[in-house]
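Next come two complexes built around chain A: one with chain B, the other with chain C.
Showing the complex of A and B:
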C-alpha cells in the first residue's frame, strides 16, 4: 500500500507492522468487519419482520394460517442452526436455479439430477457463471441474510407472540368496549403496548445474532473468523513477504475484544430503548426491566 | 410506441442471450487457498501458487475464461456437485473413493510422497497421536496405521497441533511440509519413511462434465508434451521433485 513497503525484509518494528497490517489480505479482513456489521444491520429488521408475520399468523383465527405460523415457529426453532445453515441454503439455491431452469430452458431434455450432480442449463445458473466474482459474493450475502432472517425470525415470532398475549386483557377489553374491531384493537392497542414485553426477548436475540455471525463462513461468505484464521496461521518465507509464526491467538483475541465491545454497546443502546419504551407506561416493564417471566428465554444456545 | 418498446425489449433479450452465449465458457475454478505451495492466498489476498499458474495456463490453452473461487476443504466436493464452481484444483489426489463421487482429469502432479514431521526423531508413528487434515488420503492412511488420528479442518492447524504438543507428529504431503520444516529452524524434522499415496493429483470435475474433462485432459497433455508442466513443477517444488517422463 505504501511505497516504503516494497521491500518488507529491510523493515523492522513499527514500520514493518504498519506495512504488515496494510497488505491486501488485511484490507480484506477489515472489509469483512463491514460485511458482518452490514449483515447484522440488514438481518435484524428483516428477522423482526419475519417474526412479526409469524406471530400474526400464529394468532390468526383462520386455522390454516395459524397452523402455518405455529409450524414455522416450531420447526425452525427446533432444527439445529448448523443443520439449517448447511442444508437449507443449498436447497434454497437449488430451488431458485430449478425455477429459473423451468422458466428459461423449457426444451432442455436431460435430467436435472444426474447421480450426485445438480445440473441446470447455463442461463439458469444463479448467478450466471460468467458474472464477476463480486456478483457471486453479493448473492451469497443475500442468501445469508435470508437464512439468518428466517432462523431468527422464528425466535422473534415466538417472543412477539408471547408479548402480544402479555398486553393486559383490561386494555383490549376497554378497546372492545369502545367498539373497535379486532384489527383496530390489534393495531391501536396491542402493537404499541407489546414492545415493552418483547424487548427483553428481542434484545437477547440480537445478542445471539451478533455471536452467530461467524456462521457466515458456512455460507461461503469470507467473514472475520475466516480471515483471522487465514491471517493468523503460520506463514513460511517462501510464500509471503511477511513470514511469522502461529499468530492465531492474537487475531482471535482481537475478535474477542471486537465482539465484547460490540455486545456492550448493544446493551447500552438496548437499555436506553427500554427506558424510553417504559416511560409513562403503567406496565410491569417500567418497574422490572426483566419483563414478564419466561419472556427472556429466547434464542438458540 | 408499443412496437418500439417491444422491439427494444426483444433487442435487449437477444443481446442478453448473445452475451450469455459468448461467455458460457466461463469456468469457475475451486481451490482451498491454504495449501502452499499448491495453492495459497498471497499477501494481496489473491490465489497464488503452483495450481494458480497451472490453472491459468490450462485455461489459456483450452481457451476458457476462468475465475478462481476459494472454498473450505471440508465442503469442496459438495459445492462442486451442486454447481457452485466447475472444477477442483486443490492438490486433490485421485483416489477410488473420490472417483465414485466426482471425476478426475489425468494427473497433473505425479503420485506424491507423504511424510511425517515431528519435533524429535523418536516419536512412535504407529502407536502415538498423529495429526492430519480431515478427509484427506493422509488422514485415511493414519487411521489405518494404528496411530490415533487427530483431524483438523485446515492443514495449517494439523501442523500447529504438533507445535503445541497436542499431536506427536503430523502426516501430510511432503511438498507441503518441506517449506515448513525448513523454516522451523530445527523445531520440526521429517521422521520415518516417506509413504507414496494416491494416483497423483488431478483436476476434479462433476461426473456429468465429460466435455470439460476432455478439454482439460488435452490441455494437460499438451503441457506434459512440451515440458512446461515439468518446468512449473520444478519452479514450485524444487529440483528434486518428481516430474513427468
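Showing the complex of A and C:
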C-alpha cells in the first residue's frame, strides 16, 4: 500500500501496524463489510416483499392458499433459522441444477441421484464449471440473499399479518359501507393504515436481520467472520511478512464493536421514524416513548 | 442391522457412549433419526441450563436497570446493551477465543474452552440480557394502583417486591418470555458452528444433521428430521410455559392471555 511498507522487517510500532492493517488481505477484509451491508440492503426489501406475499396468502379466503401462508409462517418460526440456511443453500442449488438439467439435457437416461451423488449433465451445472471465479462468488451471494429473504420473509409475514388485523374494524366497516369491494378495502384502507402498526415489529426484525448477517459465513460466502478467522490466526515468518500470535480474539472484539455501533445507530434512526409516523396519532407510541412489554429500547441513553 | 440395534449403538452417541465410529455409508433413515435425536440432548441441556440460570440474572438486571442509583443502573444497562446489541454468533466466537487465550496463561480456564461450560456461559449471559430487558419492560408497566395498595397494607422494601411487584412483573412478561425461551432453544444450534469444537464428534442435533447432509449430499432427509424434532421441542416449551403462566394467573377472574399478542415482542 505505502512505499515505506516495502520491507516490513525494518518497521516497528505504529508504522508496522499501519502497514499491517493495509495489506491486501486486510483490504479484502474491509470490503467484506461492504458485502455484509450489501446483503442487508438487498435482503430487507426482498424479505418485505416475501412477507407481504405471505401475509396476503395467510389472510386469503381460499383455504389452501391460506394454509400455505400460515404454514410458511409457522414452519419457519418453529425451526432454528440456521437450519434453514444450511438446508436452503444445498436445496436451492440442487433445485436449480435439476430444473436446468430437465430443460437442457432431455435425453439423459441415468438417474440424477446415484447413491450419495447428485449428478447432472455438464451443461446444467450452475454456474458452469468453465466460468470465472467471480461468477461463482456472485452466484453464492445471490443464493445467500434468497435464503435470507425466504427465512426473514416468514418473520415479516407474521408481523404484517398481525398489522393488517390491527387496523381498527371500524375503518374497514366504513369502507364497506361506502360500497368498496374486498380488494378495494385492502388496497385503499388496510395497506395505507397498517404500516404504523407494523413498524415496531419491522424495526425489531431489522435488528434481528443485522444480527443474523454473520451467518453468511455458514453459507460459504467470504464474509467478515471468514476474514477475521483467517487474518487473526497465528502467522509464522515462513508464510507472511507480518508474523504474529493468535489474534483472533481481537479481530472478533472488533466485529463485536462494529455490530454494537451498527445496531445502536439503527435503533436511533428507527426511533426517529417511529416518532415521526406516530406524530399526532392516538396510539401508545405517540404519547409514551417506550412501547409495550419487551419493545422498549435497550442500551445506555 | 435392525433399528433397535441402531438405537442401542447411537442413542447416546452425542454424550460419547455406544459405537465410536459414526455411520460412513449405506445411511438408513433410522440412523438419521437416532443420531439427530441423540444430538437433541445437547440442545435441551444448553437451553435448560441457560434458561434456569439466566432467569435469576435477568431478574437482577431488570431491577438494576430500574434502580435510581447509577451504580446499579449503569452496569445493568451496559450488560443488556452489549448482549442484545451484538450477534450471538460473534459472541460465541469472541468468547471461545478469549477463553483460549486465557487458558494459555492460566490452565484453570481449560474447562471454559469446551462447549458444555463455555457455550453454556455465553448462552446464560445472552438470555439473561434479553429476558432482563423483557422483565424491565414489564416492571415499568406494573399498575401504579397495585403498588399503592401494597403501600396501604404497610408492605415495604423486600416484602413489597416479593409479594406484589415481582409476581405482577412475571405475569406481564410471561408471553414475551415464552418467546424468548423458544428462541433460546433455537439459538443453541449455533454452538458447534461457532468455534466451540465437537470433541470426538459429540455434537448437537444440527451438527449431526449437517454431517448427514454432507455425506449423502441430500439435504431433504436430515434437515426435515431436525425440523420435526425442533417443532416438537417448541410445542413442549409452549405447553410448559403455558402451564406456568396459567398458575401465575390463577387468581384472576378471566385468565389473562397466555400467548404473545403484540407483534413487537415476537422475536429476539
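The working rule: the second predicted complex is superposed on the first by the 283 of 301 C-alpha atoms of A that agree within 3 Å, B and C clash if a C-alpha of one lies under 4 Å from a C-alpha of the other, contacts with A are read in each partner's own complex, and residues count from 1 in each chain.
Convention: a residue touches a chain if its C-beta (ideal position, glycine included) is under 8 Å from a C-beta of that chain, and two chains touch if they have at least 3 such contacts.
Note that the coordinates shown come from a computational prediction; the quantities given were computed from them, not determined experimentally.
Enquirer: Scan A:205 for contacts with chain B and chain C and give back first, second, both or neither.
Expert: In the superposition, A:205 touches chain C alone.
Enquirer: In the superposed arrangement, which partner chain does A:23 touch: chain B (first), chain C (second), both, or neither?
Expert: Only chain B; A:23 stays clear of chain C.
Enquirer: Given the touch rule stated above, what does A:118 touch, chain B (first), chain C (second), both, or neither?
Expert: After superposing on A, A:118 lies in contact with both chain B and chain C.
Enquirer: Between chain C and chain B, which one touches more residues of chain A when both complexes sit on the common chain A?
Expert: C
Enquirer: With the two structures laid over each other on chain A, which partner does A:241 touch: chain B (first), chain C (second), both, or neither?
Expert: In the superposition, A:241 contacts chain B only.
Enquirer: Once the structures are superposed on A, label A:252 by its partner contacts, choosing first (chain B), second (chain C), both or neither.
Expert: second
Enquirer: Look at A:220 in the shared chain and tell me whether it touches chain B only, chain C only, both, or neither; answer first, second, both or neither.
Expert: first
Enquirer: Report for A:176: first if it touches chain B alone, second if chain C alone, otherwise both or neither.
Expert: Neither partner.
Enquirer: Using the superposition on A, tell me which residues of chain A are in contact with chain B and, in the other complex, with chain C.
Expert: After superposing on chain A, chain A residues 90, 94, 116-118, 217, 229, 246, 248 contact both chain B and chain C.
Enquirer: For chain B, which residues count as touching chain A in their complex?
Expert: Within the complex, chain B contacts chain A at residues 17, 20, 23-24, 26-28, 33-34, 36-37, 40-46, 48-49, 65, 67, 69-72, 78-79, 81-84, 86, 101-102, 154, 156-157, 159-160, 163, 179-180, 182-183, 206-208.
Enquirer: If you look only at chain C, which of its residues touch chain A in the complex?
Expert: Contacts found on chain C: 25, 74, 77-78, 80-82, 84-91, 93-94, 97-98, 100-101, 133-134, 136-138, 140-141, 172-173, 175-176, 186-187, 189-190, 193, 206, 209-210, 213, 215-220, 223, 226-227, 230-231, 234, 262-268.
Enquirer: Any idea which chain A residues touch chain B in the complex?
Expert: 23-25, 27-28, 90, 93-94, 97, 114-120, 122-123, 125, 128-130, 133, 136, 217, 220, 222, 229-230, 233-234, 236-243, 246, 248
Enquirer: Along chain A, where are the residues that touch chain C in the complex?
Expert: 75, 78-83, 86-87, 90-91, 94, 113, 116-118, 155, 158-159, 162-163, 166, 197-198, 200-201, 204-205, 208, 210-215, 217-218, 225, 228-229, 232, 246, 248-249, 252-253, 255-256, 259-260, 263-264, 290-296, 298-300
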